[in-house]
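You will see subunit A twice below: alongside subunit B first, and alongside subunit C after that.
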Partner chain A sequence: MTMQTIYPLFTALPLAAAFFNLLVTKINKKAADYIAFLVTAALAVMAVLTIFEAPFAYRIGGFPAPWGILLISDGLSALMLVIINAIALLSIIYSIKYMTMYTAKPKYFSLFLLMLAGMNGVVITGDLFNVFVFLEVASLASYALVGFGCEHEELEASFKYLILGEVASTAILFGIAFLYSMTGTLNMPDLARQLEVLGINKAVAFVIALFIMGFGLKASMVPFHAWLPDAHPSAPAPISAMLSGVLIKAIGVYAIARVMFDVVGPNAMVSSILMFLGALSMLVGVFLAVGQSDFKRMLAYHSISQMGYVTIGLGLGLNPNVPPVIAAMGLFGGLYHLVNHAVFKSLLFLCAGAFEFRTGTRNRYEMGGLIRKMPVTSTACSIASLSISGVPPFNGFWSKLIIIVAFIQAGYYVYGAIAVFVAFMTLLSFIKLQRFVIFGQLPARFANIQEAPFAMTLPLVVLAILCIALGLAYPYLDQGALQAARAALLDKVSYMGFIIGG
Partner chain B sequence: MATKPDLASSQQPTGMTPIVKTVVRFAIGIIFMFGWYIIIYGHLTPGGGFAGGTILACGYVILTLAFGKELALRKMSDMAASIIDNTCALLFVTVAMIGFAFGAFFLNFPPHGTPFNLVSAGVIPLYNILIGLKVTSSLFAIFLALSIFGRFVSKLVDEAEEEE
Partner chain C sequence: MILYFLTLVLFVMGVYCLIAKKNIIKKIIGLTITDYAINLFIILIGYRANGIAPIMFKNMTMQELTERGVDPLPQALVLTSIVIGLGVLSMMTAICLRLYEKYKTFDMSEINRLKG
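This part shows the complex of A and B:
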């Protein structure tokens, strides 16, 4: 099929565009907008087409599997590609107007495309060292983007993110080196076969610890979360949306899920660690979020908390001691929440950016009554707030419900209760947000502000519609792309089979 | 608006003592030759594009240290470094994508030649040369950005004012 022959373009195209962009903009600065838009649009179309393909493996350079690098497309990769490239396209459209607040816009688009290339690379590759390389590409671009404003606080946040991120990368590289020394291979399907023979010995357990620390820091699970509340608010709004909505999933949660499910395999120890870290993230994140006055900083803390739901769902899916149906349900809830979080969290960050674009402040106590001046943005923000806090018709409700029901059925009543409690705390926090930003008294100095420009409201509207659609389409999701993603994670044997197919 | 400072003409003393300059004058040819040797023989001997490119970049750094930035910027300006950097990266991806026409991404499509000859191994020497040029120019650009950053900032400010 067509996608099978051009699969590497998911990284090659944004990479080439990033460099081409820097060359062309030396002559014409306007070209950057169009290049970035066309490339991300093409990638989004390709990602949607990938969903309809049967799983396949692509050999880079035509080399056979254990020696050459495989690119693997299965349900989970396709799902992640759709999330990444769709959010990237909307962020690029948003950036065209929003980034007029900053200088050096062409360089911004180049860094954006580099980050996109890195994330797509992590998702499509079937080689563990390739995962590390692309993770570094994405991370390095994101360090630069966090500090893009070159203000004092932004550079500080970027530096903090850089140091902690590199510590995590070092841990991941150590883990990969250990695995290589034990098995002599870096190909993930091949590694899965070798580890099947080797079992979980002490060295493998150490590798798992290194990976949970490394990928956990990239995914900002709680003991490793210190960089996120600084880094995500400091970036320009579309980048915050990409970082919170996509990056921590693609290079954190996706990588951890792929390695733990398909390479290491279900394991009670890893499962209990992930469930504990997930519950801890949910609680700590939400408690820290409630008191924040900075709009984007509050959203960043909620990212930690909501990623806890995803992690706890993955943890239950890894548990070999609960019935497979319930484990699969927990995993389904986790993946569903991952998709939902990508949609509503990027929407919230983009809304925060639109408010900041017009009012010039991010302090939510200084805003108020904005629904009278910016009706589209405010409505989108309300929909996203209702989604994230789990109010019934919206998408966040269903994924949280599935996770909670799975935990009650599995007999983990404490985790189930924590999930319910955190959902209420989230609702409380977002009611506060609504009260201070959207409704209430309009300050006199905002009497003359206007609605955000069309290029900024269009992505908001699309994402808000997605929030509602994903909630209403819940009965159909069980057969669709989410089901394929869950099957890809639970079916380790067919993942190992890619080595023959490739 | 501040007048745009010219990078190539400054009031600072240019370079170090005559001893350093003489030694560098002797060494610089050998350094560049060695760097190119590492790059061009990358598919036959240890080393390759990155190692050779680093050596070449170090050659430019030594030039800057010994003779001042005046001469180094004449040899390779910041603009030239940026253009070479991006062109080489773009060409690298393009060569990799030409593989699509022959069946697979990164396919080594030309005839491979006799092993251990200088012209052999298909596109690998080409990749090495492109990586070498890219590493040279980007490392030197990083060095320029770190060493004469103050100049770049005022330049950036001017650019921003022009955009407005």
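This part shows the complex of A and C:
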């Protein structure tokens, strides 16, 4: 019950902390670390508590639903909140040591908290314009964080990301304005009702196209992916982990899923578009990844490829022509892979950061034999590599297996075959990574390096344990939080009910 | 209808400027123009000829208000959108200045260290 009264704190707390952080820093330089840590820890605890709450709607200012703004908590929101805030907490712990490489640490923490506030806002809100506002808050903070190092490459990547991100935001705003002119409401449960009456006419199809372009650019699906391989590696490692692990999911995939499932409803056209884009992302991402020499750049390309699995799963879930059981299975696989990808991709980026912190390079051909000098980081990196390439019993295997089985059962043999092939290519690419970074010959100039400091290895160990736990706990996940998230997406009627229940 | 069309022309001009120009300052101007075109579009949605401010006075009935009052929501949306646009614009110019410090040029085709 308590959660229902403090729900807005998910955005209010980090926003306030981001502001006061800079004021307090004028008095005490050390305080920023503690503020950021305490705020993210509190948010992570709140997020875990939200999972155990029944779905509810919070009215801002007490105004009734179609006029006031609703904050909605259901299975999907709770799941996303846990992912976002858990990864944020671990990234903050990691940043405390890692960011000593940079100057202006308090400003970094402020931007980080601002980005967190934006992402939490997108996930908890039930108002379409609010989604746009929070998405812009998160994006603006991430543009600044990508260019945080202020070197040639980082500024260039930041500018590219900014221009493309703003084109996406313009498309989203245009879509929202169009939808408002047709229905006269911005409340998402109310919109769902209005669209039920209106049906999918040409104007709604245009809005859907604008949303797929806008949110698809934020989620970096393949025709819109050009910014990601520049932007994600240029950021500091904990930010790369946040961007690849969480941001593209919260403001891209989550927004698409929410709008397409709960507002528009299952639709064969949208389903086939999403499945096609997903398959394309998987293929293009993995082919571009194999040849990269920069460790983090390779991981960024794999993000595109792995997000393809999530998109293709969501696409199958939207399909009204396959039996509901198989559609639900595809959706479950997509959501499961979303959680798994958040865990192993942030782990990989944090490992890349730890290697860079000690060796000073990101070129994987210059490293080698690091397992003898940095055993904890290397072991964590191996576990994450095995997870992402889908080796049993790690978590990536199960989610990929579910998606592939769902596609074979639905009769989409080509997509199933692509998914198997991409899993194989991913394995190949990560075997190459293991061979050059972790095993092999230790270069003479790295003879004296040490293991990364404790504040950096702790998040690595936690995430590595999560990788194994999520894989081994697979039989129990069917009843847990993932099940609630799937139900939230498939049950459009109860989402429309939030308008009264608020 | 002619107003909607002019807004579309403004939008297309902004997109052209964003795509065709190599100077990053011009790209920023193009992006801002597209932003303003969308803002104008939202304002046009709420526009009503001979409309009055949507405030309930004592000598007015509810019906009179709904018939003549303009929709206040698009104006609130545009205010928010303008503020966000300002934030984005200042961010863009800040990065642009830093880029000039490093590369000594505003030409996007010479700022090309990231490849592949």
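Quick note on the criterion: the second predicted complex is superposed on the first by the 502 of 502 C-alpha atoms of A that agree within 3 Å, B and C clash if a C-alpha of one lies under 4 Å from a C-alpha of the other, contacts with A are read in each partner's own complex, and residues count from 1 in each chain.
Rule of thumb we're sticking to: a contact is a pair of C-beta atoms (placed from the backbone, for glycine too) under 8 Å apart; a residue touches a chain by one contact, two chains touch by 3 or more.
Computed from a prediction, not measured in an experiment: that's the story for all the values here.
Undergrad: Give one word, clash or fit, describing how subunit B and subunit C relate on subunit A after superposing.
TA: fit
Undergrad: In the overlaid three-chain picture, which partner chain does A:133 touch, first (subunit B) or second (subunit C), both, or neither?
TA: After superposing on A, A:133 lies in contact with subunit C but is clear of subunit B.
Undergrad: Touch check for A:96: first (subunit B), second (subunit C), both, or neither?
TA: neither
Undergrad: Quick one: is A:157 in contact with subunit B, with subunit C, with both, or with neither? Answer first, second, both or neither.
TA: The second partner, subunit C, only.
Undergrad: May I ask you to name which of subunit B and subunit C touches more residues of subunit A?
TA: C
Undergrad: So, A:322: does it touch subunit B (first), subunit C (second), both, or neither?
TA: Neither subunit B nor subunit C is touched by A:322.
Undergrad: For A:460, using the defined touch cut-off, is the partner it touches subunit B, subunit C, both, or neither? Pick first, second, both or neither.
TA: neither
Undergrad: Measure off the angle at the C-alpha centre of subunit A toward the C-alpha centres of subunit B and subunit C in the combined model, and quote it in steps of 10°.
TA: 40
Undergrad: Touching A:300, do we find subunit B (first), subunit C (second), both, or neither?
TA: After superposing on A, A:300 lies clear of both subunit B and subunit C.
Undergrad: Is A:170 touching the first partner subunit B, the second partner subunit C, both, or neither of them?
TA: Only subunit C is touched by A:170; subunit B is not.
Undergrad: On the overlay, how many Å separate the closest CA atoms of subunit B and subunit C?
TA: When the complexes share the chain A frame, the smallest subunit B-subunit C C-alpha distance is 6 Å.
Undergrad: Name, in rising order, each residue of subunit C that touches subunit A in their complex.
TA: Listed in rising order, the residues are 18, 24, 27, 31, 34-35, 38, 41-42, 45, 71, 73-74, 77, 80-81, 84, 87-88, 91-92, 95-96, 98-99, 102-103, 111-114, 116.
Undergrad: Along subunit B, where are the residues that touch subunit A in the complex?
TA: 79, 82-83, 86-87, 89-90, 93-94, 96-97, 99-100, 103-108, 156, 159-160, 163
Undergrad: State the interface residues of subunit A toward subunit C in the complex, per the touch definition above.
TA: 129, 133, 136, 140, 143-144, 147, 150-153, 155-160, 162-163, 166-167, 169-170, 173-174, 177, 180-181, 184, 186, 229-230, 288, 291-292, 297
Undergrad: How about subunit A: which of its residues touch subunit B in the complex?
TA: Subunit A reaches subunit B through residues 5-6, 8, 12, 15-16, 19-20, 22-23, 26, 29, 58-62, 103-104.
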